[in-house]
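Lettered A, B, C and D in written order, each chain numbered from 1.
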Amino acid sequence: MNILDDLFITIGQWWTALLSNTLGLPDGIVLVINGLIGGLIFALLGVVMVLVLTYMERKVFSRLQDRIGPNRWGPFGVLQAVTDAIKMLIKEDIVPDEADRLLFNLAPVLMVIPAVMLYTVLPFGRGMQGSDLGVGALYVVAIGSLTSIAVMTAGWSSNNKYGLLGAFRVIAQLVSYEIPMVLAVASVVLVTGSMSLVDIVESQPIPNAILMPVAFLVYMAAGMAELGRSPFDLLEADSEIVAGYFIEYSGMKFALFFLAEYINMFAVAGLVTTLFLSGWKGPVLPTWLWFFIKTFAVVFVFIWARGSWPRFRIDHMLNFAWKFLVPLALVNLMVVGLVDKLLTDAEMWVRAVALLGSNLVLVVVTLIVVAWAGRRSRSAALRTIAGAR
Amino acid sequence: MTGVEMREFFFNLTWLIPLFPLLAFALIVLWANPNRKLSTWLAWIGIGLSWLLGWTILFLSWGDIHHLTPPEGNHPVPLWTLPTGSSALKIGFQVDTLTALMLFMVPFVCLMIFIYSKGYMGYGTAQVDSRYSRFFAYISLFACGMLGLVVSDNLLTLFIFWEIMGLCSYLLIGFWYEKSYPDPKRITPKEAGLKAFLTTRVGDVIMLLGLLLIYSQVGSLSFMDVFSHETLDMLAHKTVMLPIFGSVPVATLAALLLFGGAMGKSAQFPLHVWLPDAMEGPTPVSALIHAATMVSAGVYLVARSFPLFAAVPLVHGGTQLAVVAFIGAFTALFASTIALAQNDIKRVLAFSTISQLGYMIAALGIGAYIAAVFHLITHAFFKALLFLGSGSVIHGVEHGHHEVAHGHHGHEEEAFDANDMMNMGGLLSKMPRTAWTFIIGGGALAGIVPLAGFWSKDEILAHAWHEFQHGHDFGTFWPLFVWLLLTIAAALTAFYTSRQICLTFLGRPRTEAAKHAHESPPSMTWPLMLLAFFALILGLFGTPWANQYHHLIGEAFEATPFDPFVAGLSTALAVGGMFLGWLVYGRQPLAAGEVDPLKRWLGPVHKVLENKYYVDELYQLIIIRPIIWLTQIFAKFDYDWVINRIVNFAGEATVFVSERWGEFDLVIVDGLVNLVGRAGAAIATGLDVFDLGIVDGIVNRVGDGIKAGGRFLRPLQTGRVQNYLIVAVTTLIVILGLYLVLPIT
Amino acid sequence: MSIEQFVFIALSAITLLGGWIVITNRNLYRAALGLVLSFFGVAGLYALLDAGFLAVVQVLIYVGAISILIIFAIMLTRRVMDRTAVQHNAQWGISALVALALFGVIGYTLLFRAADQWAVSSTGLPEKPIEMLGEALVTTYALPFEVASVLLLVALVGAIVIAREK
Amino acid sequence: MDVSLTWYLLVAAALFCMGLYGVLARRNAVAILMGVELMLNAVNINLVAFWRYVRPDAMAGQVFAIIVYTVAAAEAAVGLALFIAIYRSRDTVVVEDIDLMKG
């Protein structure tokens, strides 16, 4: 059991020992080499995850639509994703005239880098993380905000109206949904008392999702929006702005955007797991296995949502962020902070119950308020109609 | 509960006093303003509560003074401390005897004026002011400022409330900002407000410098720390080097800087120009701000920081006291002479206010602490009375004018000045209550026995005389100087007071409006009577034989003995002055259109007085004209040169100057230059204003100088921020380079 | 040369390169990207100075927010700033001289006058710097903190009011 | 620490001067704003470097770095709002055309 559990750690130690003792390299060099290897591992992990996720998505999605989905290549069409990749690679690479070539080529890269950078702080298992930053949670948010630059660059450099409009939409979306995201993370950090993701996992005998369902839901919604996945996929709302900011891209570069989207998806799911589902904790199975199980569960929820919900209208989406999520997250933050402060030195379970209770109360109140507001607006609309008559 | 407990209880409530009016202000502004009645009541309740609390505290502290007088000391109650990194600012309030005394005066006068305002702003009549509620909001905020200033226990909060009052005075002077007059020379409320704001701002900046100096030296701004003996010793013996004056004790410098603020607020000589124009505001405002409370804040500041002023005695080269004494005495005489020749009823009172404030300042300058505070209190009452009375008169005359206008049309258009005393006369029968209360107030101002003014004024004079005879640490010269000027001023005061009374109330009406004037509503006359009552009796608490004020605030200082010579002289002068005034104006009253006899006799001098010694014109000539002219040149010139590259490579120092002119341009664009000019010049000028010849000479010379400078600076002012910035940076580099080159000391 | 020195040189190079792009590039969008680059370099310098929190905040605020704002402004005012428009005003030469002179003065001061003027403390890092920072913000420096928050609020309102379509 | 404080300060100074040049020499208001941001960053480098090297136990340096962040954010927001307003009214963001204060 233990061997299985610490499998990767053991390998890592063995490798380091090999370098420094057997080959007798100075520590600095070892550091650099290990860093490079780690980066490589994360990048590869990203790519592999993309293959897995695309396959999973198509399968699940088609199941939701009562189809079978890919089933030609390989058993159950497992190789479908590979063939897609090959198709992408052999496509022609087009650069529009009047495009800012440098930036046009730079944008996809800028898109992928932050996605991969997210992996460096994810604790994949006990003691299995790229680096345990003291400010991990904040780091995640900060890196997440880099995407917008890449998007803007892509939209602008391709010198295309639709591209620019799509880019504007994405920026609006990302910037708006960053705020509830940060607030949700803040409530977790508040309870944990540390921003290091490892500490956050360690301090979750009970998953935060149970302690703070509100924060959990807010984070899920904001996460989907950050990913730009349906129902928030206005950035590539093909019916409105042809394909969004990467309209002009094709072949490999398009593949990079594609890649980035799925790498991000896995990263966000992993973050949800880490922040709210007590990360790699779990009985019997090795910790890293637990991490992947939970993460895929979250991914499944994402796909599920995509399969079941229609697309928002852009103003609805922004209103949802600013008029619903942000206030809710703020109130939630206040409530959590208050409870946490009041019960600093109470037993674990007391705090848990108090947090859960307060959250439930918050949910109820929110529903009441929303219902009231909805009734009010509906009646106003009716009145205007009556007035028009 | 026992007396002590009760006292503690109420003292700890002191911070509520400024809070009530603030609350009223907030409520009116945010919520109640559509409803006039509600707004009125809110304002009244706010100030009323403050009044009750204030008087409770006064009488409690009157109960046992010794608890309040050092060493047990004034009761500082810290409210909160602001951490500012290395040090912390302690904010709080305190109750000491001076505070208690101010709490006797301020809330009551405010209350009276609030009540009066209801009638004056025409509540329930056809001419009700369109911004009625806003007016009450403003005066409530003002009351908050004044009360907060009185109860605050440190210079910082004092300064903050000081500025709040400045803001309110600006808002209230310009309350009728849409008003404009047919003749362009007459100043409009808007301009007057700006003038007041900017002029006092000059003083406030100086005062702020004083605060900074004190904070840098003491590391605290609370009175307890700053005015403690050891601190004062330290400040008195530590010296700073000044460019021209050489080494000066810190105490002197700090005191002088603080006094700058006081000069601005209390309209002392160079900075007095704003007060007369402040009369453009509604009369209750003139009474509240520019007679009773705000202008006395300057005196209060000097009194409050009197230990600092007295830290370096006059005989040991304590320049600050000499300056204070000189400014005060000079202002007293100066303003009272001007008041002789004014025809606007409110301007006469304005100048008399300036001169009375001069009395207090001068008194403080020669160490007559008790007398100054005593006069501050009495003056607040009778001057508020006078202003409200004049307001009532104006109100009556205006209504009369309205009636006439309604009687036969066509009169509406003709400009009619309800403030001009030449348009009045014979109102004694028309509005008796106003008239009699006004006469009582006038008597108090002139110093007729046994009205309030007499005792306080006499105490000042007596103290001066006393100091002159056996002065120890104030020398003999300044007391004599002060005594002389103030005595002359007293005579003049009596004269112009009786002139005012005669012109307004005696004789026959000189206009239709005055004929149809009639008594104001009770909400206006009742405050007058109450104030008149205090103007009658208030002095009796301060008689040299049983001086309650001395008992209350002045145990530290020795009482001023009664001096029959001074008392007799000032009484004689007062009565004589009033009689003379009656002889001139009362015996055979002026007919309509008849010129002021004083004008006939004094001739050109009268003209000088009437034009307030041309101080405003002087500022106009010295500062404003040249600037306008210069900027026109600039404008013309830039128009040709803007495109030219040269502008970028011009010499740095000159461009640096040109930035300053650029700022002036902006000001001119806004049309503010008059006010800025006057305010700015107010610092610069210390000239002998009596000699117009010299004035002309100066104007020419300044003009030439600026013309030369202008020729030099022409190409440099491009209006492009980057040009300016580059020069600023270059200068910075030069300075840094100098630091590197020169040996670092 | 130790790794730290190497990293420092690399980061400074990135920072200054970004700055160079910002001030020289004719294409405003590229200038903005240069700004982002420079911000990253600065963030790296913070990390090198053991101020991890500030490094992350730098990325979050500058890269995530301010540069986005700037890019938006570039987009919204794009019409007048076509890529061929001359980007330097008439006084660029003298400006360059001034900037160089300033750098010379500061550099001279640093290298020859103020060198080792500051008592470099040997005390290591506090064990919980972020906690300390938070505590300092709400105790010792509460006033600046509050003032800054008020400033932010005012700026928010002001920006909205100014930029709103009349 | 193998890198001495002076080097950090030098880098900061260089960045500052670059920003200064940008402010002085660029025509486009947005570019000028970028220069200002560079200068602010230089200041922050100084603050943090001094914190790390001189008083690592006192948090003043980091605190004021954060204050500078807020100031920078406010300045960017207001500045850009102004530019957009000017652009609407005068159809330019070239500062040389914005010289209302020309006498």
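Worth a mention:
Following the convention adopted for this analysis, a contact is a pair of C-beta atoms (placed from the backbone, for glycine too) under 8 Å apart; a residue touches a chain by one contact, two chains touch by 3 or more.
Note that the structure is predicted; figures quoted are calculated from it, not measured.
Overall, the chain located most centrally, as judged by its C-alpha mean against the mean of all protein C-alpha atoms, is D. Chain pairs C-D and A-C differ in how many C-beta pairs are in contact, and the one with more is C-D. Between the Cα centres of chain C and chain D there is a gap of 6 Å. Averaged C-alpha coordinates put the centre of chain A at 67 Å from the centre of chain B. Chain A and chain C have Cα centroids separated by 29 Å.
Averaging Cα coordinates per chain places chain B and chain C 49 Å apart.
Residue positions 2, 53, 57, 65, 72, 89, 91, 95, 98, 102, 106, 140-141, 144 of chain C are each in touch with at least two other chains.
For chain A, the set of residues touching two or more other chains is empty. Each of the following residues of chain D touches two or more other chains: 20, 24-25, 60, 95-96. Touching pairs of chains, sorted by label, consist of A-C, B-C, B-D, C-D.
By the touch criterion stated above, chain C contacts chain B in their complex at residues 89-91, 94-95, 98, 101-102, 105-106, 108-109, 113, 139-144.
Contact residues on chain B toward chain C in their complex (touch as defined above): 82-85, 645, 648-649, 722-723, 726, 729-730, 732-733, 736-737, 740, 744.
Interface residues of chain A facing chain C in the complex, by the touch rule stated above, are 28, 31-32, 100, 102-103, 133-135, 138-139, 141-143, 145-146, 148-149, 152-153, 156-157, 164, 168, 171, 175, 178, 195. If you check the complex, the residues on chain D that touch chain B are 20, 23-25, 60, 95-96, 99-103.
Residues 2, 4-5, 8, 12, 15-16, 19-20, 22-23, 28, 31-32, 35, 38-39, 42, 45-46, 48-51, 53-54, 57-58, 61-62, 65-66, 69-70, 72-74, 76-77, 80-81, 85-89, 91-92, 95-96, 98-100, 102-103, 106-107, 110-111, 115-116, 118-121, 123-126, 129, 132-133, 135-137, 140-141, 144-145, 148-149, 151-152, 154-156, 158-160, 162-163, 165 of chain C touch chain D in their complex.
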